[in-house]
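A, B, C and D label the chains in the order they appear, each numbered from 1.
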Amino acid sequence: MPKMTRRGHFATIRIDIKAAILECVGTTFFLLFGLGGIQAATAGTLASSSESAPSQIEHVLYISTSMGLSLLVSAWLFFRITGGLFNPNVTLALMLVGVVPPVRFVLMCIAQLLGAIIASAILCGLTPGPLASNTFLQSDINAAQGVFIEMFATAALVTAVLMLAAEKHQATPFAPIGIGLTLFACHLFAVFYTGAAMNTARAFGPAVVTGFTYPHHWVYWLGPFLGSLLASGFYILLKYMHYQDLNPAQ
Amino acid sequence: MPKMTRRGHFATIRIDIKAAILECVGTTFFLLFGLGGIQAATAGTLASSSESAPSQIEHVLYISTSMGLSLLVSAWLFFRITGGLFNPNVTLALMLVGVVPPVRFVLMCIAQLLGAIIASAILCGLTPGPLASNTFLQSDINAAQGVFIEMFATAALVTAVLMLAAEKHQATPFAPIGIGLTLFACHLFAVFYTGAAMNTARAFGPAVVTGFTYPHHWVYWLGPFLGSLLASGFYILLKYMHYQDLNPAQ
Amino acid sequence: MPKMTRRGHFATIRIDIKAAILECVGTTFFLLFGLGGIQAATAGTLASSSESAPSQIEHVLYISTSMGLSLLVSAWLFFRITGGLFNPNVTLALMLVGVVPPVRFVLMCIAQLLGAIIASAILCGLTPGPLASNTFLQSDINAAQGVFIEMFATAALVTAVLMLAAEKHQATPFAPIGIGLTLFACHLFAVFYTGAAMNTARAFGPAVVTGFTYPHHWVYWLGPFLGSLLASGFYILLKYMHYQDLNPAQ
Amino acid sequence: MPKMTRRGHFATIRIDIKAAILECVGTTFFLLFGLGGIQAATAGTLASSSESAPSQIEHVLYISTSMGLSLLVSAWLFFRITGGLFNPNVTLALMLVGVVPPVRFVLMCIAQLLGAIIASAILCGLTPGPLASNTFLQSDINAAQGVFIEMFATAALVTAVLMLAAEKHQATPFAPIGIGLTLFACHLFAVFYTGAAMNTARAFGPAVVTGFTYPHHWVYWLGPFLGSLLASGFYILLKYMHYQDLNPAQ
């Protein structure tokens, strides 16, 4: 990340705009294949005859694999280009801990929200049937539970980015593997209950394209935002506690 | 790990307490997502209509993936903080081979048992329906078979920690991947028969929250304890045999 | 890659022919196991009784796993031999960005198409029933949608090869893992709709052996070709924008 | 591997015996969890009610995951101890290319066959019902097809060991990941047709414990033996062709 100079916030604006444009391409890449897998799973369900209808578990496992692997590979490909965040909540945490400057944060968020809309629109055009990748709360879950599930899952994802990619160590070049698998593991818990957004852009894109058809869209703004705060606070605490000294053998 | 000084067992007590607090957070992280996946799988089964009920195999594969990936990522994130053990039986083995001092062992065990209870309680609050993540013996299995299955599976997990993380070599920074996949592989065998605890804390947490509703809870204390002894003994034998000289090409 | 000398295009012809022969062996390896998994999945579907027929989702997940892991391991094994491309569209992109010289490009393409035919023929001989690994468009998809799905999926795969293997960095020796998982992730989206060729050779081989029984075979020539152009153009743009300077921390 | 000295074949006999004992432990480890997964999958199938019986595809995917991950982790744990081969056909290839001396080859084979029998016997004692991990030919496959499927799959596995572990390069410490995933990918093709032994010890162990109840057991001796020859020959050809010069960029 470029360090801020005395010339002020906008000294690196040209480079920030370039990064934002490429982050938009990367977010489109991530969500085209991630949400595309959800679209295929839903189409596959509808195409099944009654006796071979997939179970809920199959559906959820398919979606988790699709989102997890899609983030793993797209974050890997864009890791050395823009960092491969694709997620305003992760970008917020990186601003809060001082890795991303404020101007770049704003541009990246716009790029990520835009990329999510573009991916959803492309998916709409390329596949038959209505877009099936909206996040919504399962009927037995109330909004507060939804907010806290999204909060914990997002906090896990943000912690993965902070500990594997922002912290420098021998496994840092392989951080995208750990980050993608964190999304995978969190999906296996959360996707059944809330759709496992963990990323406001991922919830926002399909909602824009389909016209906000599900209630409680605010859950996917509040939950991931709180998760981002929780993980940033935990990371700041870790640095304050000099975590490297607790177990120096690793 | 801090070496013991002449000032005695408690010389590093401040650092040990810090490590224990963070290990408690890490254990909560691991089990929130690991047991959360089991909760989702069970809820998904109940939500299925009769003709699309998931098979036993799907259920078991989902649980194995969830627990395996959850340990993989949480151990990776906490690897350079506390070591990311999350398991009293693994901690015991590390004490027996001299890596973890006795005071830290006691504090870590308390932290791990506490973390498991916290994760189970959070899960209870965030999801509808009763907690579904208790370990219990499948009806065709007797208690002795359960003890030995848990013993072998725990021994495999402990051996993974000793050979990949405690031993230092080029792949050590990637040990959490191997440790998580070991839990995954052992689950594919053991989860159908015993629930594949391989970790007394993982069995204890849900049992506390639900009030010890299943018989044979002692199996999950004895089996993993024996597995810890078996793996420690094997590791001590390997060191005694100078295993590095048997196949120096690797 | 051997640099071209003043002696012209054919200076390294001996080495190019050797590489092409081994690339043919590698392509046969990749597709024997990748397409073999599809063959097994289809035979397994036919062998199921009505009440245990697999769902569409299971079938598609099985195929994606089979193709993804098969590319991951065969690309890894042949990475230091021929580069392990197994794909004329990837080879085209490497020629366009200057990594593969034209003569080698022609020889590699022939080898890859030939390897795909050989793998399909071996599979025909080793398994009962007709060859089940042709790519075809799902009935709700029109040819233009098919072309664009193939284009985007191929562009993702080609970008993976360019960013992970052609660019040199610390994770380059592990590029085959990222490339294989990219194929996996793209399959989870595309295999339901188009069969997810992303590789003209992969579509051509089974089509030759079964006599071009499906319409729209041209889709698997045009779509991957456009994807190859799209990814090459994006890579050239990245180099022109000096992407390394956008986020120098990674 | 210890180089042979003038004192003859038996100069390193003490070290060879130690290695063989540990290889026996490792083979037991690998097959206890690998075959244990198959046992659980079969028990899970029997326990399912008619409407939730698993499909053939689920059964095969579960077995492939179980065997693949089990080899991945057990080979990783034993990689720096004995090499972690667990397979007489792989050991044969390593002898043929000069990596393993003849005396060690004989001791390792005995250890591997013995380990497979021990794993099968432990599994018999720990789980209810008959042992379900025998390899047998699917009814539509003839013995010749079975031999060739086993030959190609074994050749792939042996090539993985030769190119990833025997050849030294930056990814060598991670060879067990590639070797385990090769077994996984080959299973996805072969397990439906032949049970995917790719390893005479893996077929022999359960057959001894259950009394050779299936016909065509010889297929699992001939097929993997031919695969071992095929892969050794290919590797010798690669060395003769100076494969490192064909694509020096990787």
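Basically, a contact is a pair of C-beta atoms (placed from the backbone, for glycine too) under 8 Å apart; a residue touches a chain by one contact, two chains touch by 3 or more.
Keep in mind that what you see is a predicted model, and the values were worked out from it rather than measured.
Engineer: Looking at chain C with chain D, do both copies bring the same residues to the contact (over half shared) or different ones?
Structural biologist: At the contact between chain C and chain D, which are copies of one sequence, the residues are largely different (under half shared).
Engineer: By mean C-alpha position, what chain is farthest away from chain B?
Structural biologist: Result for the farthest chain: C.
Engineer: Please state the rotation angle, between 0 and 180 degrees and to the nearest 5, that superposes the Cα atoms of chain B on chain D.
Structural biologist: Rotating chain B by 90 degrees superposes it on chain D.
Engineer: Hey, how far is the Cα centre of chain A from the one of chain B, in Å?
Structural biologist: 28
Engineer: Centre to centre, by mean C-alpha position, how many angstrom separate chain B and chain C?
Structural biologist: Once rounded, the distance between the two centres reads 39 Å.
Engineer: Mind pulling the chain B residues that touch 2 or more other chains?
Structural biologist: 51, 53-55, 58, 61, 174, 177
Engineer: Can you name every pair of chains that touch?
Structural biologist: A-B, A-C, B-D, C-D
Engineer: Touching residues of chain B toward chain A in the complex: what are they?
Structural biologist: Counting only chain B, the residues touching chain A are 1-2, 15, 18-19, 22, 25, 29, 32-34, 36-37, 39-41, 43-45, 47-49, 51-55, 58-59, 61-62, 65-66, 69-70, 72-73, 76-83, 99, 122, 125-129, 165, 172-174, 177.
Engineer: Going by the contact rule at the top, pick out the chain D residues touching chain C in the complex.
Structural biologist: 50-51, 53-58, 60-61, 140-141, 145, 148-149, 152-153, 156, 159-160, 163-164, 167, 169-171, 174, 177-178, 181-182, 184-186, 188-193, 234, 238, 241, 243-250
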